[in-house]
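What follows is a pair of complexes built around chain A, which joins chain B in one and chain C in the other.
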Partner chain A sequence: MNNNWMRRQRMLGYVFIGPSMLGVLLFFLIPAAYSLGLMFTDYKLMNPNVKFVGLDNIVRLLKDDMFYKSMKNTALFLLAVPVSVVLGFLVAVVLNQKIYLKKLLRGLYFMPYITSGVAVAFVWMLLFHPKQGPINGLLRSIGVDNPPGWLSTTTSSMFAIDIIWIWFLLGYNMIIYLAALQEVSQELLEAAKMDGARPGQILRSIIWPLVSPTTFLLLITGLIMTIKTFGIIQAITQGGPGSSTTILSLYVYQNAFRYYDMGYASTLSWALFIVILIITALQWVGQKRWVHY
Partner chain B sequence: MAIKQKLSEGALTKLFITIVMLLLAVVMVIPFLWMISTSLKTPAEVFEYPIKWIPPHPTFEHHVKVWTGPKSFGTYYLNSLKIAIVGMVTATFLSAFAAYGFARISFKGRNPLFMLYLSMMMVPPQVLFVPKFLMFDWAGIYNTHWALILPGMFTIFGVFMLRQFFLTIPNEITESAFIDGAGHFRIFFRLILPLAKPALATLAIIDFSWQWNDYENALVFLIDEDLYTVPLGLQNFILENTVDYNGMMAAASAGIVPMIAVFVIGQRYIIQGLTNSAVKG
Partner chain C sequence: MRKKGLFTGMASLVLAMGVMAGCSSENGSNGNNGGSAGSPNTGSETKTNTAAAADPVKLTMWGGVPPEAGPQAVVDAWNAEHPDIQIEYVRYVNDDEGNLKLDTAMMTGQGVDLYVNYTLTQTQKRIDAGLAADLSQYSDYNIDEKMGADASGWKIDGKFYGVPTTKSAFFVALNKEALDAAGLPIPKDWTWDELRDYAKKLKDGDGYGFIQHTEPYVDPIDSVLSKNGYTKADGSSNLDHLQVKQWLETLNGMMQDDKTTPPLGEQLTSKMPVEQEFLSGKAPMLNIGAWLLRSSNNFTDFPRDFTIAFAPVPRLAANQADYMTRGGLGDYISINAKSKHQSEAWEFLKWYADGGMAPMAVGGRLPASKDADQQAALDSMLGGKADTYDKDSLMYVMFENPTPSFVRNLPQEVMDMRQQEYEKYFLGEQSADDTLAAMVKRHNEYLQQNK
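Right after this comes the complex of A and B.
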């Protein structure tokens, strides 16, 4: 083998990553840079005279009540993540016991995650139907006289979306926890049992701390994924009633493709990026602080 | 005697937990069951309570309505299949290619480039929608399937996931081939790809499900109805048939049932792939 051949082989690295790099350049890097530029313009689709407006869009954002409202709605939407993480943990712990039909059960809990897109959101829309839907039918039959209006009232709509989202994420969290539970030493659990620890104690004081890296990972990835989503909300409520389900990512979409206010939409989208950046920074800090092994 | 009793007690607990978990699992899949059941009912039976899970007068007319007529789901299906399959095949192959480069070749600038790659995962799609819309319009591919197919050929997650997998393949295997004079191309096609079949299958299935379910990009980049994918067609159907609940559920079934099939067939791969990329990532 000569050095020339070795060098040529190393250069092949660029050939291997080349096509993929081109895609990242065309569909991520260049658009991202373009968007940064748009942030400082008043570009509207209907108005061909684009002006450089400096920081006007940022000032507008800081004074925009709807921006703050959308942040609040986003926070309410994100509540679904910790709930689904805890539920996923509990289901995983039970499925990790000696039980029958383990594989079937795992599959059933996981099904919503892989099969659902917008289609299933429409199913939920009918399940939540305030007057005739089966959910309120059930509630009435067990004696709830005034069941919630779910997607139809401004106070309950975000929570109805949260329920759909918890249902959707739960299976994924469960699957990841099931893998993490494989790593928990059985001897340790046996020893704790011998020492007379109750199941609740074992769960809280041994298993939960041991899987804390997984909990942390699921929280962060779940939050980031959730904050980028707007499809199911656009499909079933379009941000309503009123603006009660207009989360930030949907507000970006509305500004861009309903009002064609491209400059302002770009500014909002970078606010979304900053929120993601903060969550990611939390990950770096938190990994050291809150994760106990 | 005591041991026997203890054994049967264990089995009883096991059975009890299984039944409880099964009941909860049924709650999880109720939306799917209700959807299919409703799609086979008559309009008057949709909201009857208590729910009759087995339709008393089963009818296929709603499914027929969805699949025939001027706005048939057949068109949407072909569009979705075309976009998802071309995207899936190309994305899987290109990801494997790039992942090999990042995992196995030490070229200058590899690590900074990989960091750049990963950092792009943080950029939300909302940042990219407007510039992509303007770029696609300029390039003449706005409102064509290319606007979905071309970006769909690249997946950063896929590169990341396959790189993780390639790193688990022992170095000795490729190194000895390298010393024998096999170049990277031969090693990639002859050694790595066959070894990576399960990982490739995982990525292909996950990527297909993403592309099939992708509503947001289709919403932004397509206008013409005859270009619609299944999620957009479904939305359109619902906007035009606001009170035809049976039809809605028949249409929703058309979108969901193929994914249930993909899930049942590929469950093993999907679960393994997601677990690996999360736990080892």
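Right after this comes the complex of A and C.
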């Protein structure tokens, strides 16, 4: 009787998760397994003759200069995440005080996150214009003779993209931190003040450790999201100039949908998956040292 | 209370959205009706057909030109004349995503009967996939004879897998008044060094003397290599040809020393609207193709107070005899080899090429066939603005230029890697020799991989 009831409960559980599992299966697990298989073929989208080529794609990947270049660019791109997390924290702390136009400012900081990516891309391209752009106009007016070329040189383009990305992520990080700051107990802060702690000390030794689970969450989700992003780069530079902003995810996209080279694109995307896995694993291991629950 | 207010607010919002969605879907279907009944007689014709004979054959044609720039008028004219074969035009945007859409539609059998290719690079993939019918099976239309010598560039292994239908000229558009003021003649044959001189003389203050559309940007290299081969006799890359270096250094000199042409980095990242720069009179020379006419005929968006003259694209080769120029013919229309109605599609294609395409002239596309009325097409292309063009030089670049032409047929991978390397050069990251070496290395790797 009891056993029967348990079984029915279990069945009911499966029925409830059934629809979403079906979705995961159809749109994620099966394609993922399929692409794992494609890794070992020379499948090109338009070519019906598919051959198994063994490990050729992996050998090619290891010898592909563009792959290493795109890994380097990806690493540079990922720099944006910790920077925007720290900035998001500082902005949240400021906006958590009693200051003027608090709500308006919160809204403004969050705006980029809900703005259309393509619109954002075009606005930034205008801002970054090396000759007529307002950013360089400002720099020149305060006496910088040779302002950076931003998106127009191979050395600065990735950093220009980083700036856009920091600005984009900032609002989201700030909102999450604002929520986390509500959880920081006022008693602790008051006690610290009574003991004569300076604001900087309170920030560093009390608030920052207390919100560390949030920091951890933002870092992991931010890094994963960033490593998968390519839309904004596709819209702004298409990976150029040269190949200076071709990050790994964009390189995957180009191989798949520009060159139709699905076999190699699958190999690259599994490499991307492994990179994400490693980064996340490292963070899990590392978190024990600085995350306080 | 407040909560309730919020709830009713939300509810009414949801309702409003539902109503709006309802409206928009209604609008949508109305729009569709409007579209298919675009020519009022279509509806009545289908009616008479179903009454009189069997269902008409329905064909779908995919092309990259917006319907209002000609194709819709072409299709409407055909449909009115041929109640038994009805054509529908579908526009795809000629970029990566658009081509992917067309390719997927064909591979999954979604009824694409005819489609327009804009490069052989794209066509080659479609031939490999068995999606382009070999047109040499039809003996009633001699493409070589109709389209002239330039058509041969579109042959693959001696066969046509499509019909090149338009005159597709690439040229340097000139501001005639600016040239006159500087005492410079309109060239009919010139080298890049001469162009460089022109640009210096025409440069006005901080402005540029010469700008380029990014599409034909790399054509000088392809001109050299179409003539001399992309690979050397031993099968290795020929991208380090001397004239490739000459091209790099000439343009770089114009960017850095003369400051007569925009540095590439600046042009790319600002997505410089070159048509507008030229038509507003800011830059006196523009390297572009026939699609300029779409903008230059549009005085509302591009008001202009000068005459446009035309010069052929300059050559790197020292001798005119060694020179090939891009273009000649374009808009390569293929029949899907998987289509069930290939003979009907062929009928339409012949009609289109021999003059049915006349309405396309508004968008700068002149029929290539010798049997089409080219004068009429030219008139409709220039519209009421014929006096704002220098007729002689236009006729020269469109029809009379005797230079043999080539059609670019390079895999996308090679085009991209070549571009990455020359961008690095123009941005000062590597020397000309390193650039050539890098191009050759990567090209060889590609050749090795795709043996």
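Observations on the model:
Following the convention adopted for this analysis, the second predicted complex is superposed on the first by the 267 of 293 C-alpha atoms of A that agree within 3 Å, B and C clash if a C-alpha of one lies under 4 Å from a C-alpha of the other, contacts with A are read in each partner's own complex, and residues count from 1 in each chain.
Operating definition for what follows: a contact is a pair of C-beta atoms (placed from the backbone, for glycine too) under 8 Å apart; a residue touches a chain by one contact, two chains touch by 3 or more.
Everything numeric here is computed off the predicted structure, so don't read it as measured data.
Of the two partner chains, neither chain B nor chain C is touched by A:200. When the two structures are aligned on the shared chain, A:152 is found in touch with chain C, with no touch to chain B. Taking chain A as the reference, the larger set of touched residues comes from B, when chain B and chain C are compared. In the superposition on chain A, A:10 makes contact with chain B only, not with chain C.
By the touch criterion defined above, A:129 reaches both chain B and chain C. Looking at the shared chain after the overlay, A:257 reaches both chain B and chain C. In the superposition on chain A, contact is made by A:27 with chain B only, not with chain C. Touching of chain A by both chain B and chain C, each in its own complex, is seen for residues 129, 132, 257. Every residue of chain A that touches chain B in the complex is listed here, in rising order: 1, 9-17, 19-21, 23-24, 26-32, 34-35, 38, 91, 94-95, 97-101, 105-112, 114-120, 122-124, 126-127, 129, 132-134, 137-138, 140-141, 167, 170-172, 175-176, 178-180, 214, 217-218, 221, 224, 227-228, 230-231, 234-235, 249, 252-253, 256-257, 262, 265-266, 268-270, 272-273, 276-277, 280. Across the complex, chain C meets chain A through its residues 96-97, 100, 103, 107, 125-126, 128-131, 263-266, 268-271, 411-413, 416, 419-421, 423-424, 427-429, 442, 449.
Considering their complex, residues 45-48, 60, 65, 125, 128-132, 149-155, 157, 236-237, 240-243, 254, 257-261 of chain A touch chain C. Taken in their complex, chain B has these residues touching chain A: 10, 14-15, 17-18, 21-22, 24-26, 28-29, 31-32, 34-35, 38, 46-47, 49-51, 94-95, 97-98, 100-102, 105-107, 110, 113, 116-117, 120, 122-135, 150-151, 153-154, 156, 159, 178-179, 181, 183-185, 188, 209, 212-216, 219-220, 230-231, 234-235, 238, 245, 248-249, 251-252, 255-256, 259-260, 262-264, 267, 270-271, 274-275, 278-279.
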